[in-house]
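So, here's a batch of structures to check.
Each of the next two complexes has subunit A plus one other chain: subunit B in the first, subunit C in the second.
Right after this comes the complex of A and B.
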């Protein structure tokens, strides 16, 4: 019995797609779990940042990649989670865990209400509406100063705690965040391969689906669009709550359109057809940003941050022009040749 | 309500409405020719404003500064079409929207590199003093904003409605195959529309710099507002954009005057988004399904 890479790949080919899915998740989980053992505090904070972005991007991928809808307002959903968590814990003294749960429910409810009217419209007009809604959210939290602290934001949000550990502890927060991220990943992967996921793909006009054909087959497209929007919102809200309890300070500027655009960028680069793309995209972009922050000031003079933006733009354009499906399909193909049905 | 306050709100609404109309025009020009939502439009506005401030503070008189800024921004718009949108002309509409978002990132980064984080401002054009009419104060820049918007609107109206070139532009979106058959180069028209939209954006940037300060990050919020104004009125026609812009401006001004709570932006945006959701094809019912 040999354990060469080739051999493992051979075995992977023989197992069923469902097993392969869990095998991949298992390998990924082990990788994530052993990273902190070998690294200092700095890469852990970077990995935590990647985790936040990954969860939001995963939600966006379900909305954008599975269902083919456009959203440029996910920062508002992320902010919704963060602010509701913050308000419930600092002003009503609820447990952070309960606040996280209630925030997710509430954000999902908002998404249901907004989605119900928003999805009467098709295609690109959604881009305009979600952009406007994001701006609306920004003005709302900046304006309601009694509730949200206005432009200054909220401070002293209590951390999540489990026994003696709190999420101020970087390592505890790392594991907490990534366990949640992996659970959500498993949910997304299974969702993609369910009746619900296939229905979403059938209405995905961006990747060759057709709303009319889906309707003819008896798919209630409104129902599916609203539900995927709710799920997407719940993902963003969970990430937002975790973010609020981790940094313990939130301010409106974080939840501006810039964040939404960044999440869209991650979904596109990673590959919008699979939840794995979220981790790939978030990991790549955050790493690039970190590298540029470290090394760019040595090479070129100018305000930091400008190279990041230029790099994001160039990466986005290059990926869209030459790899419209993002990076994940290529990696998948490289790992598993001639094996369809593995998502 | 006091008469003078009403007049004040009217003028401020007219001013804001002109700005939103002018913002929306950029989206209209690109959309009506290529059916692309250009999310980099707000960045053209920012770029125009920044360039005008830079040239003006270097000692170049105002009018040549604006002209230079318009030319440079138009070239940037044409470049974006030629090198980024043109290679993707066969791709789905959503890909093109994301490409323009990528361009927005690049322009923002370049602006941040050259102009930094600071906010820039200008005095009102030619130092026009504020005017008093029946107790209402009109800021010196307002007549310039309204005048320039009127000229742009009239120009586009004549151009799209009554010239061969303008009709050829519209034909590209309405009936691409037919347009090609009669010898219209769709690519050239699209290039022209991007340059024109960028130029309009630069003029808007110059106009609003004395009113609101210009900084590298103001592009995307402007994109959101301009797009909303254009959609509310009906993005496929000049009349729609004018109506949408004016309605948005008036609502924002009236809510700012009537609501003591101070955050009029929220109410104005909520009314507009709500209105758009109810009447989804715009006030003029001209927006298509796409």
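Right after this comes the complex of A and C.
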């Protein structure tokens, strides 16, 4: 019995949205898993960087894209994970895995405490508070030199290990990071299509929701805002811990506002309506940065670091003008041809 | 002691009591010592010219505006100081004049938001799609489909609500409100922007809900539409209750005629 391509397309169209979601994740997983087979060490390092950013951006997309909140301070949450992991493993000699888990719990706890106060505010004031928290974190880790190593930072953070493999091995780190990223993607996609995800979308006043309408339907908007902030913080903390155990060196400048702005840019460019947008945004921005680092010195004499920022600015303006919803909706439309119900 | 009431007696038991409610915005007196009650299973219509304080009254009942003075009691429970989401859980849901449909989700998802608190799955089981979460999703979906069927929009379940007509969007709003298990619907100018046929369909639906025991408090300034379905009418003017009674009683009330037509109108008629 043979099938034409048209038959296969028709059969694919008939699968349920949930099955389609898992099918997409399955294809993505296969692609991710086979990349290192044909790539050298450099592409794998770039992919690892994309993985870190993707995890933080995925959390931010749930906070910003689903719930319509603004954060300009996610670097602090990423840094919390990195520093807590670093402190627990270098000063208290805990297992890196346990440190990763405790860092996520602690960062989530901080988010819960801060969120209860922070979400009494809206819009620009909320953005200002998150920005201030980022600065506060920077000055805290720079100032508490006994604990954090101050401006010099922390060194000799032990790597994550599994049997004989450690995260110093690029390939092991690649697979470890991407397995975690894909598991978090599945978790995020499931959540987006659950009552939790619908409640978040209902309070997203920037994208078709209404806080008042949600409240009169029984939704406790403060509770959902705090929960999504906790979740977003846990994602950032996991990425931060993985980063600390991968690079084994952390210093305060990594966790400055530039990082926060970069993940916001990734969420906007990738598309904030779906966790998939995180991978698109992170992939595009990190790739452009690598290309600029590679080719800008050939074309321009002198230091070229600031050209990245100019490129980000141009991309941001172009995307906001022509693709205000980011890349994901365009790609989704092209692939699924308006198939409803796919998140 | 449990008391069995006949339907006629039951319809006189107030589901909602508004007692001595006053409200000021700065120096503006929006509501002044307003009292009324809504008998269970009735359709109460609140009319009045623009700026009479009708929509403010609905927001006070649903908790969107904090009560400054007076008491609002729902099934013997004081709502003073209660958050809107807690009031909704008690069984009061408001439908806004501009509907505020969630345009970032499909029609059925809009209705599923209404029944979201009937689910037990927590964040972790939803994210991991554990059996409990799957059962919840199925139940919420079926509940939403039943309510969409009640308003006649089952076939539109999977489309985006913004592609529906204004009248159909209102029906989605009602289905969403009903999905909360609402016993008292607060409808803020539900007829605005509807065609003649859509008005008739909405009236039919409100009467159908009344037969199912759901009480409606409708705020409207288009009086003629409602007189056929209202059990009781309250008239507000400049924040004060100026009349209350059956539609026929209110229509012949001199203060109501003055409020709507202006006090000069009868005098003009007298001159003629």
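Here, the second predicted complex is superposed on the first by the 333 of 343 C-alpha atoms of A that agree within 3 Å, B and C clash if a C-alpha of one lies under 4 Å from a C-alpha of the other, contacts with A are read in each partner's own complex, and residues count from 1 in each chain.
The rule we apply is simple: contacts are C-beta pairs under 8 Å (C-beta built on N, C-alpha and C of every residue); 3 or more make two chains touch, one makes a residue touch a chain.
None of these values were measured; they are calculated from a predicted model.
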Inset, instruction - Judging by the criteria at the top, classify the pair subunit B and subunit C on subunit A as clash or fit. - result: fit
Inset, instruction - For A:123, decide between first (touching subunit B), second (touching subunit C), both and neither. - result: first
Legend entry - From subunit A, separation angle of subunit B and subunit C (C-alpha centres, steps of 10 degrees): 80
Inset, instruction - Using the superposition on chain A described above, determine whether A:136 touches subunit B (first), subunit C (second), both, or neither. - result: first
Inset, instruction - Check the contacts made with subunit A and report whether subunit B or subunit C touches more of its residues. - result: B
Inset, instruction - Tell me which partner A:201 touches in the superposition: subunit B (first), subunit C (second), both or neither. - result: second
Inset, instruction - Report for A:327: first if it touches subunit B alone, second if subunit C alone, otherwise both or neither. - result: neither
Inset, instruction - Would you check which partner chain A:191 touches, where first means subunit B only, second means subunit C only, and both and neither mean what they say? - result: second
Inset, instruction - Check whether A:215 is in contact with subunit B, with subunit C, with both or with neither, and answer first, second, both or neither. - result: second
Inset, instruction - Tell me which partner A:312 touches in the superposition: subunit B (first), subunit C (second), both or neither. - result: first
Inset, instruction - Could you grab the smallest C-alpha gap between subunit B and subunit C in the overlay, to the nearest Å? - result: 15
Inset, instruction - Once the two structures are superposed, pull the subunit A residues common to the subunit B and subunit C interfaces. - result: none
Inset, instruction - Would you tell me which residues of subunit B are touching subunit A in their complex? - result: 37, 39, 84, 87-88, 91-95, 97-99, 101-110, 112-113, 116-117, 217, 220-221, 223-225, 227-228, 230-231, 261-263, 265-266, 269-270, 272-273, 276-278, 280, 287, 289-290
Legend entry - subunit A residues touching subunit C - in the complex, by the definition given at the top: 187-188, 190-191, 193-199, 201-202, 204, 207-210, 212-221, 227, 231, 273, 340-341
Inset, instruction - Over in the complex, which subunit A residues touch subunit B? Could you list them? - result: 68, 70, 72, 117-118, 120-125, 127-129, 131-136, 139-140, 142-144, 206, 256-258, 261, 264-265, 268, 302-303, 305-317, 320-321, 324
Inset, instruction - Would you mind writing out the residues of subunit C in touch with subunit A in their complex? - result: 62-64, 83-85, 87-89, 93-94, 96, 100, 102-106, 109, 112-114, 116-117, 119, 121, 123, 126-129, 133, 136-137, 140, 158-159, 176-177, 180
